[in-house]
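What follows is one structure encoded as structure tokens, with my remarks underneath.
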Amino acid sequence: MFMTNQNNAKRSRVFFEASARFVVLGAGVLVMGGLFGVALFLVLQGWPAITATSGLPRNAANLWELAAPLAFGSVWAATIALILAIPVALSCALALTEYLPKQLSTTLGAVIDVLAAIPSVVYGLWGIMVLAPMLAGPYGWMGQNLGWIPLFAGEPSATGRTILTAGLVLAVMIMPIMTAISREVFAQAPKELREASIALGATKWEMIRMVVLPYGRSGMISGAMLALGRALGETMAVAMVLSAVPGLISFELLTSSNPNTVAAFIAQNFPEAHGLEVSALIALGLALFVITFVVNGIARKISNQPSDDAKPGLLARVKNAFVATGVRA
Amino acid sequence: MGMIDFQEKSDLVSMPKVKTSRKVTDRVVKVVIIAFFGLALLPLISLLTTVITRGVGRFDPTFFSSSMRGVVGAGGGAVHAIWGTLLITGTALIISAPIGIAAAVYLVEYGRGKLAKLLTFLVDVMTGIPSIVAGLFAYAVFSIILGPGTRSGVAGSIALSLLMIPVVIRSSEEMLRLVPGEQREAAIALGSPKYRSIWRVILPAAAPGIVSGVMLGICRIIGETAPLLLVAGFTDSMNLNVFDGRMATLPVFIYSQWQNKGTDSVAYEGRAWSAALMLIGIVLIMNIAAKLIAARTQKVR
Amino acid sequence: MMTLTTTEKTTFTASKISVSNFSAYYGRFHAIKDINMVVEPRAVTALIGPSGCGKSTMLRSINRMHETLPGARVEGSIRLGAIDLYGADVDPVAVRERIGMVFQRPNPFPTMSIKENVLSGVRLQGNRIGKSDGDDLVEMSLRAANLWDSVKDQLAKGGASLSGGQQQRLCIARAIAVKPDVLLMDEPCSALDPISTAAIEELIANLRREYTVVIVTHNMQQAQRVSDTTAFFHIDGPGLPGRLVECGATTELFSNPKESATADYIAGRFG
């Protein structure tokens, strides 16, 4: 009879139901396994270099000697990029949400997003063939007149291929990420609070300072962290633009002797690497993976903190929406 | 009398004074913000004009019909790199789209509890993987399976999939969550098994958004250079077999043209800019198309 | 799932729904408690009561939709004829095949045409249907839903292009196209204008000839207009479970309520 006596139909349905579940769950597990696989394979292949004392690139005595200057270079270049990008990105976000008329802001917002879609190798090409030559002159002037500042000390590069140029290119690349995230959180600052502060006689800037910026604070920080992660991992633009000296640690911004970054070093040396050298490069990649993992984890932590209106995960949602728009984070 | 007059006046003068300084700050901030915004557009303008003006030079039939086999100096083209990009990206698409969409379906329709939370977290982490690490991963996997030093297109596709899957999952997830719960209830109340309501009702409703997400995923990977440099390598000749041998791609073509420019550097740079023009064209067109598709569906809803 | 023979179906059509000692929960929240009632076949039963009294939960429990919400569970039994709908060997999907539902807000499938919407139940249940059979079924269902004349020339258009009242009738056509025994309606007119409401009420009056109809409504006049039997649900206080206060012939319940809570409610003293 009805329902109870349809065992065949029920059995086939249960089978299909279970298979569907199995397939989508399988995909999820595959993705998770993939990520664990990344860590596992990098450890397996990088291990010989972690313990090695000879045969490493640059004749380094151990992996740490190889990695330390590179890690410094990565962090230094990313810091420069972040310092340059933050004011511009915040200005862009404020201009788009607060100052420009809606129609214009939609269009220009899309234009900023275009910056995020341009491949890094094209940035590299532009950086070395357009930006660097353009900056060589100003660098010379800065070296002459501002050389007493330690950051600008040393013989200015004639080609403009300095860590400052690399930082500038990185800043252009990460600016859209910060802009997009800040834009989203600024736009979500409650209308009532905006109106309340305007009604109290605040000017637009005071309203922004009182309402918009505090509301968007954790979003800005998390956007900056994501941008930092991106800058640390960026490879091609740095590899092409930077004129690096192996093993150097230096804060000087304008000279042609610059520290290299982890990612660029891997890309430049991998094609000709053999044996233990490959292991060493993979171990460096593992280190990069861990660093970006931590940086992104912090960004996620911040963005998941309940904001003032106790909406947990608001910024996580923002970030997801943002990743979903295809901007590379 | 005079005193009172003066005092009253000074009150009137001093009040607007405060106001003026606040107004000035307001103005200055506005100008600074708009100026920084204009500054942000400069690199884009410079980059696009350079790519177009220097790229059109070699945007000729030869560029799209010949490879670099045996070419030194002027001439030659990127047809081998164009094919390589199509094949490697296409393979990555075949790998990423089903896995990404299925994982998104799991998260939205089935995922409860710790496993789903873990997956969400790991997808978040994956969006931050540097592309060169993805390349090292693919290299490590293939060198363990096939021996060290092997290069192939499919290894590149695996590396790119690692970068594309999180984008596909995120955007598909977003789109599936936009399908109203009423649709699910309507299907279930009609006596539909869950899997069939997903297949016949929920996925069709989310389809345009998912397609647009997949297109954005392609945009994300089609310009990737570092991982392909590591695992797909570079060659001057055509290779249509993704499973065997080095394979050129447009981004790596750009890099190698710039890096290996000989005495006739203009010819090499011209090819690099043309390839950059083509790459940017593909990325921008796909980006705009994807956003139009997404915008249209949101209107329908 | 189409193995059912006609005789089996007819034995069933005349079956009444008996609810006994039934409780439903959302997580730790006890939504309805110890419900005992009988729904007569081929008649319209209205569930009324103030909001939050559990009338919708009761309705959704009849076709086992309640349990699709996370954390939801039930106790007690609901029988359709001799079959315990919550029996261990009963497939909830099969229950829903036989007990259709119409929701508060019209929810035609936006990706499907009017015709596909009507046939969607058949297809979602995994059955294939030939073209001419399909056309016949579409016409029959749309006629039964009083919609055929206004949409017969635009069957290929999207279901979302119709007006709200037409969409709701399309949803009714969709529900009856799979030939259920029981039709559950969860405040089907609350999102509609008065003219569409009148059309749906007229439709309900026709549907009772072939179907057992259970309708949730917050509108007492509507209950009086459309139903044969009325069940009044009520909560004794915030956080407490809803209970069935009384259930009886609609005319009797409204003219001569047995319980004072019912009398207060129909007199408009609360709710």
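Here the chain labels run A, B and C in written order, and each chain numbers its own residues starting at 1.
FYI, contacts are C-beta pairs under 8 Å (C-beta built on N, C-alpha and C of every residue); 3 or more make two chains touch, one makes a residue touch a chain.
Computed from a predicted model, the values in this text were never measured in an experiment.
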{"item": "Overall pattern in which the protein chains touch one another (line/ring/star/complete/other)", "value": "complete"}
{"item": "Contact-richer chain pair (by C-beta pairs counted) among A-B and A-C", "value": "A-B"}
{"item": "Chain centre separation in whole Å, for chain C relative to chain B (CA means)", "value": "48"}
{"item": "Intercentroid distance (Cα basis), chain B paired with chain A, Å", "value": "13"}
{"item": "Whole-Å separation of chain centres (CA-atom averages), chain A against chain C", "value": "54"}
{"item": "Where chain A touches two or more other chains, by residue", "value": "13"}
{"item": "For chain C, residues that touch 2 or more chains besides their own", "value": "93-94, 98, 126"}
{"item": "Residues within chain B bordering two or more other chains", "value": "193, 196"}
{"item": "Chain B partner contacts - residues on chain A that touch it in the complex", "value": "13, 16-17, 19-21, 23-28, 30-32, 34-35, 37-38, 41-42, 44-45, 87-89, 91-92, 94-96, 99-100, 108, 110-115, 117-126, 128-131, 172, 175, 179, 203-206, 208, 226, 229-230, 232-236, 239-240, 263, 266-267, 270-271, 278, 281-282, 285-286, 288-289, 292-293, 295-297, 300, 316, 320-321, 323-326, 328-329"}
{"item": "Touching residues (chain side chain C, partner chain A) in the complex", "value": "1, 3-4, 8-9, 12, 83, 85, 87, 89-91, 93-95, 98, 126"}
{"item": "Residues of chain C touching chain B in the complex", "value": "63, 65, 68, 70, 93-94, 96-98, 100-101, 103, 105, 107-111, 120-121, 123-126, 171, 174-175, 178"}
{"item": "For the chain B and chain A complex, residues of the former touching the latter", "value": "22-23, 25-26, 29-30, 32-37, 39-41, 43-44, 46-47, 50-51, 98-100, 102-103, 105-107, 109-111, 115-116, 118-119, 121-134, 136-137, 139-141, 143-144, 148, 162, 165-167, 169-171, 173-174, 193-196, 198, 213, 215-217, 219-220, 222-226, 229-230, 233, 251-252, 254-255, 258-259, 269, 272-273, 276, 279-280, 283-284, 287, 290-291"}
{"item": "Contact footprint of chain C on chain A as seen in their complex", "value": "1-4, 6, 8-10, 13"}
